[in-house]
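Okay, so subunit A shows up in both of these, paired with subunit B first and subunit C after.
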Partner chain A sequence: MVMVGKTTERIVATVLMYLAVVVVMAATLFPLVWMFITSFKKETDVLTFPPTFVFEPTFDNFIYAFTKSKPPLSLALTNSLIIGACTVALVVPISALAAYSFARFNVGGGHLQFYILTVKMFPAIAAIIPYFIIFRELGLLDHVLSLIILNTLFNLPFAIWLLFGFFREIPQDLEESAMIEGCSKFGAFRDIVLPLIAPGLAVTAIFSTIFTWNEFLFAFILSRARAVTAPVAVAGFWTQRGILWGPLSAAATICIVPMFIFALLIQRYIVRGLTFGAVK
Partner chain B sequence: MKIDKEKYMPWIMASPALAIVFSLTLYPLFYSLYVSTRSFELTALWKDAFIGIENYRRALNSDLFFWSSLLKTILYALGCLSLEMPLGLGVAFLLNRAIKGRRVVRTILALPMVAAPVAVGLTWRYMYHHEFGVFNYFVRLLGITPPGWLTNLNFAMISVIIFDVWQWTPFVALVLLAGLQSLSPEPYESATIYGASMWQKFRYITLPSIRSLMTIVALLRLIDLLKLYDAVYALTRGGPGIATEVLTWYLYKIGFKFWWLGYASAIALMFQYLVIILSVITIEKMAKL
Partner chain C sequence: MARVRLENVTKRFGDVVAVNNLSYEVGDGEFLCMLGPSGAGKTTTMRMIAGVERPDEGNIYIGDVPVNDVPPKERDVAMMFQSYALYSHKTVYKNLAFPLEKHKVSKDEVDRRVKEVAEILGISHLLDRLPKQLSGGEKQRVALGRTMVRKPEAYLLDEPLTNLDAKLRAHMRAELKKLREELKTTIIYATPDQLEAMSMADRIAVMNFGKLLQCDTSGAIYNHPKNLFVAGFIGSPAMNFIDCTFVEKEDKAFLDAGEFLYDITELKNLIKDRYTSPELILGIRPEHISISKKPLTEDSIEAEIYVIEPSRPDVIVSISVGTKALEALAPETFRGDIGEKVWITFDRSRVYVFDKKTENAII
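Our next item is the complex of A and B:
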C-alpha cells in the first residue's frame, strides 16, 4: 500500500512539474505569438473587443508596412544591415586581436580589460549626450557612420571578454611548440589559434549582430530620416494620429524573427554571451 | 629589428581596440565634464557661459523632478529584481529536474531576450490597450475588473515592471540553471544517506554554492535596470503624467526635448559614475567566479 502511495505521489509530482513547465512556456511565448497573429489581422479584427482568435488572415499589414510607412521600412532594414555588417566586420577582428593579447600575454595586467568592460555598462542615455554634440559638429548626425562607430565601441568590450574565454580554453602548448619551431607570435595566432576558435568568432559575430540590430537609443537620437534603423522604423508606426497596430505588428515581426534564427544558432552559448563569458 | 617587433607584438595586437575604446570614451567624458560646467542649451546658444558647479547644485538641491525620477528608477529596479530573482530561481530549479525536452525549453526562454525591446514593447502596449487589449480580456475571464494598465497613475509602473519580468526572468533562469547543472552530485548523495530533507539540501548545499552566481546575476540585472530606456519609450513615454518618468527618461527629456545639454550632462555624469561603481563591483565578482 505504501508503495502504491509513493508511486501515485511521484506521478502527481511529475504531472505538476510538466504543468509548471507548460505554464512558463505559454507565458513566454504568448506575447510573441500575439504579435505574430496581429500582423495578419485586418484592421477591423485588430480594433475589436473581445479580441478575435479566429479570423481571415491578410497580408495587408506587411504591404502597408513596406509601401506606406514613414520612414520607409525597406530603408530602415537596409540601414540596419549595413550598420550590422560593418560593425561585425570591425568588432570581430579587433576584439580577437585584443582578446588574444590579454589572454596570452596579459597585456595591461588585467586593468585594461577591466576598464574596457566598464564601457559596456555605460548607460546609453548618459553616454549619448557628448556624442550627440560631437557628431553634430562633425556633420555626422543622421548618418550611418556615426551609428557604426558607436555600435563598434559598445560591442567591443563584450566581444573581447567573450573571446578571452574562448582563447583561454585552448591549450598553450600548441603555440609554444610552433614558436619553438620559429613561428612568430602573430604567425602562431593566425595559423594555429585562429582556426581553433572559429566557433568562438562565429558566436561573437552573431551576438554583435543581435545587439547592433536591436540597438534603439543611439539610432533614435542620432537619426532623423536617412539613417533610421529597423527598431526606429517600428517605433515610427506610433504616428501623430495614433498607433497603427496592424502594420506595427507586421514590422515588429520582421524586425524580431531574424534574431530568433540567430538565437537558435547560438543557443548553446546564450548564457555565456549574456554574462560576458563569466558563466560557461 | 625583428626581435623588437616580436617583443611589442602583444601591444600591437591590442592597440586597435585600445585606441578605439580610449579615444571614444575619454574624450567624450572630458567633453561632458566641460559641458556640464556651462549653461549650454542647444536652442539658446547665446546663453552659453561658464557657471561652475551650478548645474550639479541645481540637480541635487532644487530639482524635484530629478529626485523623483531617481526614486522611480530605484523603485522600478527593486520591483523587477524582487520578482525576477525568485521566479528565475524557481524556473531554474524546475528545468534542473530531469525533464524531457529541456533543450527546446531553454531555446524558447532565450527568445524574449533577443527580441528588440522597442518592438516587443510596442506589441505589449497593444496587449495593454485599454479598449482592445488582450490582457483586459484575460483579466475579465477571471472575473476581475482590469486596471488601467498604462493609464492608471499607480498601475503604469507595475505594467512596465511586468514587461521587464517577462523579458528578463529567462536570463536569470538560464544563468542559474547553468550554475545548478555545474554542481557536482556528490554532496547531495551523501546528504541523502544522512537523511537530509529537500529543504536542508537546498539551504545548506545548493544555496551556498550558487550564491555568488546569484549575486552576479542580480548585479547585472540591476545595472541593466538602471539603464532601461527602450521599454519606457515603448510602453509609456514616461506617462501618465510623470508616473513612469525614470532617470533615463528624465535625462532624455531635458537633453533631447528641452535641449538643456549642459544641465543634462551634469546629471548624466553623476548617473554614469553610479553605474560605473556598480559595474566595478560586478566585474570584480565575475573575475573571481
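Our next item is the complex of A and C:
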C-alpha cells in the first residue's frame, strides 16, 4: 500500500504497482502454465493456431514419456536424485569448514578466498573439453560419479561465500566462552556456532540442490545412457524426427514437480536464511 | 581457591603493545580490580589469564602452576564477557547448564546447581526463556550465573556492569559485593569506572596503555597516588592540576603558578632531592579546597567564581584564578554569584606535588 500523497495519487500508485506485479508474474508463470497444459494435449491439439485452452485432456504423453523414452525417464530421475543428494552431502560439510577457516583463521590472507570465487566467474563451457578428456582418461565418462564431482566443485564457491558471510556475523566471544567452559575448539564450533548458522546451512543445501538438479551442460556432454539426468532426459525428446512436444512437456512437468514441492516445503527457510541477522 | 600471578606479561598486536610488562599477584579469595580507560589492556590481560590469548612474553600462574601452554578448558577459571556471550539458541537453563555438561557432571547434579545459582541471582522464573527474551539486567545475571555454576578457582569479570543503566548498575554493584561476601572466591574484575573499583575491590591495579601504574588498596590509591594519571583518574570530581615552577627566595621556597605563589618551605628539601627539574605540577582535590568570602589564612588565594553546579549533596564550584581554572567542592549551604570574588584555601596536608617530566609523585 502506498502511504503518502493525496488520495487519488495514492490509488493510482497502488493500482500501477499491482499492475506491474501482475505483468511480471504473468511473464514468469506463462511458460510454465503453457508447458503444463501442453502435457495434457493430444498431438493434434498441441500445435493448433490459435492456441486452445479448451480441449480434451489425455494422459498419453505421460505414458509415452515414461515407457518410450530411451534412456528411460525413471533412470534419469533416479540419477538426478542420487547426484543431488551426494553433491549436497559433500558441499555442505566442506563449505562449512572452509568458510569457518576463512572467517576465523583468515587462511590464505584473502587470496585463496578470491581464487575460489573466481571459479564461479569462469565460463563453464570453456572447461568442458578439458573435463571431458580428464574423465575419459579416468574411465568415468557416462558415470554418475563424474557429475557428482563436478557439481560439488561448481557449488562450493557459492556455498563458501554464503557461509563465510554467516560465520562473520557470529561474535567470537561465544566460541571463546565455550572454550573456557570446557569445549575444545572444534567442540565450540560444533555445539555453539553450527546451530547458530543452521539457517545458512539450510540455504546452502537448498541452493546446491536446485542448482544441481537444473544443471544441464555438463550432464549433457558427459552422460550417454547410464548417467543421464532429468534435464538431459527432457532434452532427449528433441529427436531427429522432430520435437515431440507432447511427451517433452510431460517429461518436463514431471521433472519440475520434485523441485516445486521441495521449494514449497522449504520456502520459509530460504527467507529466514537470507534475512538472517538476528543473532544478538 | 588459587592465587593468580602474572610475571612480566607482554602482548603485542602488530605494532601496538596492548599489555606492557605487566606483573601482579592476586591472593586467595582476593578481589582485585583492573582499573583503567578503554585500551588500557584490561580485557587483553583477562583473556590471557583465561587462555584465549597467549602472552608474547612473560608467565602466568594459576595456583602456582604455569599455564602458558594450558588450553582454556583446563584452567578452571570462569569468565564473564562484557558482551555476556549468551548462547542465543539455548534457553537460560541450558546456558547455565552448559559448563557443567561439558565437565561430565551428572544430570541430577546439573539440575541442582543450575537451580541453586538461579535462586541466588533471582532468575529462577526465567529458566525457560531464550536470551533474546531477556532484558539487559536479566542477561547480565544469566551471564554471571554461568560463571558461578562451576565454582572455579578464579572468576574473571570483564566490565560486567558497563552495559547497564545507572540505577541498575548501582543496584548490581551492591549485589555483587554481597555475593562476593558469600562466595569468598578469587575475583579479577575489569572496569573503567573508578567508583566501582573503589567500592568493591580489595586492591586496585590502575592501568593505562598496557602498563601497571599502581597496585594498592583503594585507600592507598586515593591518598597516595604514585603518579599523575592515577591521581587524576581516581576521585570524582577529579583532582585539580596546576602547572608551576619551583623557586627559592631567601630561605623560603614557593611553587610559582604564575597567578599565585604557594609557600612550601617546609617541603623544600624533600622536593629538591627528588625532582628532575623545577617544572612541577601541584595537585589538590576539589574536596580539599575551601572557599570563603574572606581570606582564611595567609595562603588563601584570590579567585573568581566561574560556574556553580549544585550537584547535591555537594556543590561543585568552578573558580578561575587568572587564566587557571579549578574546581572546588563546597557544602550545600554555599551561596555565590558568577563573577563574585572569593578566597580559596588549600588543605596543606593534602597538597600533592608531581614532577612534570616523569609524572611521578614527589609528595
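Just so it is clear, the second predicted complex is superposed on the first by the 246 of 280 C-alpha atoms of A that agree within 3 Å, B and C clash if a C-alpha of one lies under 4 Å from a C-alpha of the other, contacts with A are read in each partner's own complex, and residues count from 1 in each chain.
In the analysis below, a residue touches a chain if its C-beta (ideal position, glycine included) is under 8 Å from a C-beta of that chain, and two chains touch if they have at least 3 such contacts.
No experiment lies behind these values; they were computed from the predicted model shown.
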First (subunit B), second (subunit C), both or neither touched by A:176: second
Subunit B versus subunit C as contact partner of A:184, first or second or both or neither: both
Which partner, subunit B or subunit C, touches more subunit A residues: B
Contacts of A:5 with subunit B and subunit C, given as first, second, both or neither: neither
Touching partner for A:242 - first (subunit B), second (subunit C), both, neither: neither
Subunit B versus subunit C as contact partner of A:139, first or second or both or neither: neither
Subunit B versus subunit C as contact partner of A:192, first or second or both or neither: second
Touched partner set for A:109, first subunit B, second subunit C, both or neither: neither
Touched partner set for A:210, first subunit B, second subunit C, both or neither: first
Shared subunit A contacts, counted only where both subunit B and subunit C touch the same residue: 184, 278-280
Subunit B contact footprint on subunit A (complex, rising order): 17-18, 20-21, 24-25, 27-29, 31-32, 34-35, 38, 46-51, 94-95, 97-98, 100-102, 104-105, 107-108, 110, 112, 114-119, 121-127, 129-134, 149, 152-153, 156-157, 160, 184-186, 189, 210, 213-214, 216-217, 220-221, 230-232, 234-235, 237-238, 243, 245, 248-249, 251-252, 255-256, 259-260, 262-264, 267, 270-271, 274-276, 278-280
Subunit A partner contacts - residues on subunit C that touch it in the complex: 47, 50-52, 71-73, 75, 77-79, 81, 83, 85, 87-89, 98-99, 102-103, 132, 146, 150
Complex interface listing, subunit A residues touching subunit C: 171, 173-174, 176-184, 187, 192, 195-196, 278-280
Of subunit B, residues touching subunit A in the complex: 6, 9-11, 13-14, 16-18, 20-21, 24-25, 27-29, 31-32, 35, 91, 94-95, 97, 99, 103, 105-120, 122-127, 131-134, 136-137, 166, 170-171, 174-175, 177-179, 182, 213, 216-217, 220, 223, 226-227, 229-230, 233-234, 248, 251-252, 255-256, 261, 264-265, 267-269, 271-272, 275-276, 278-280, 282-283, 286-287, 289
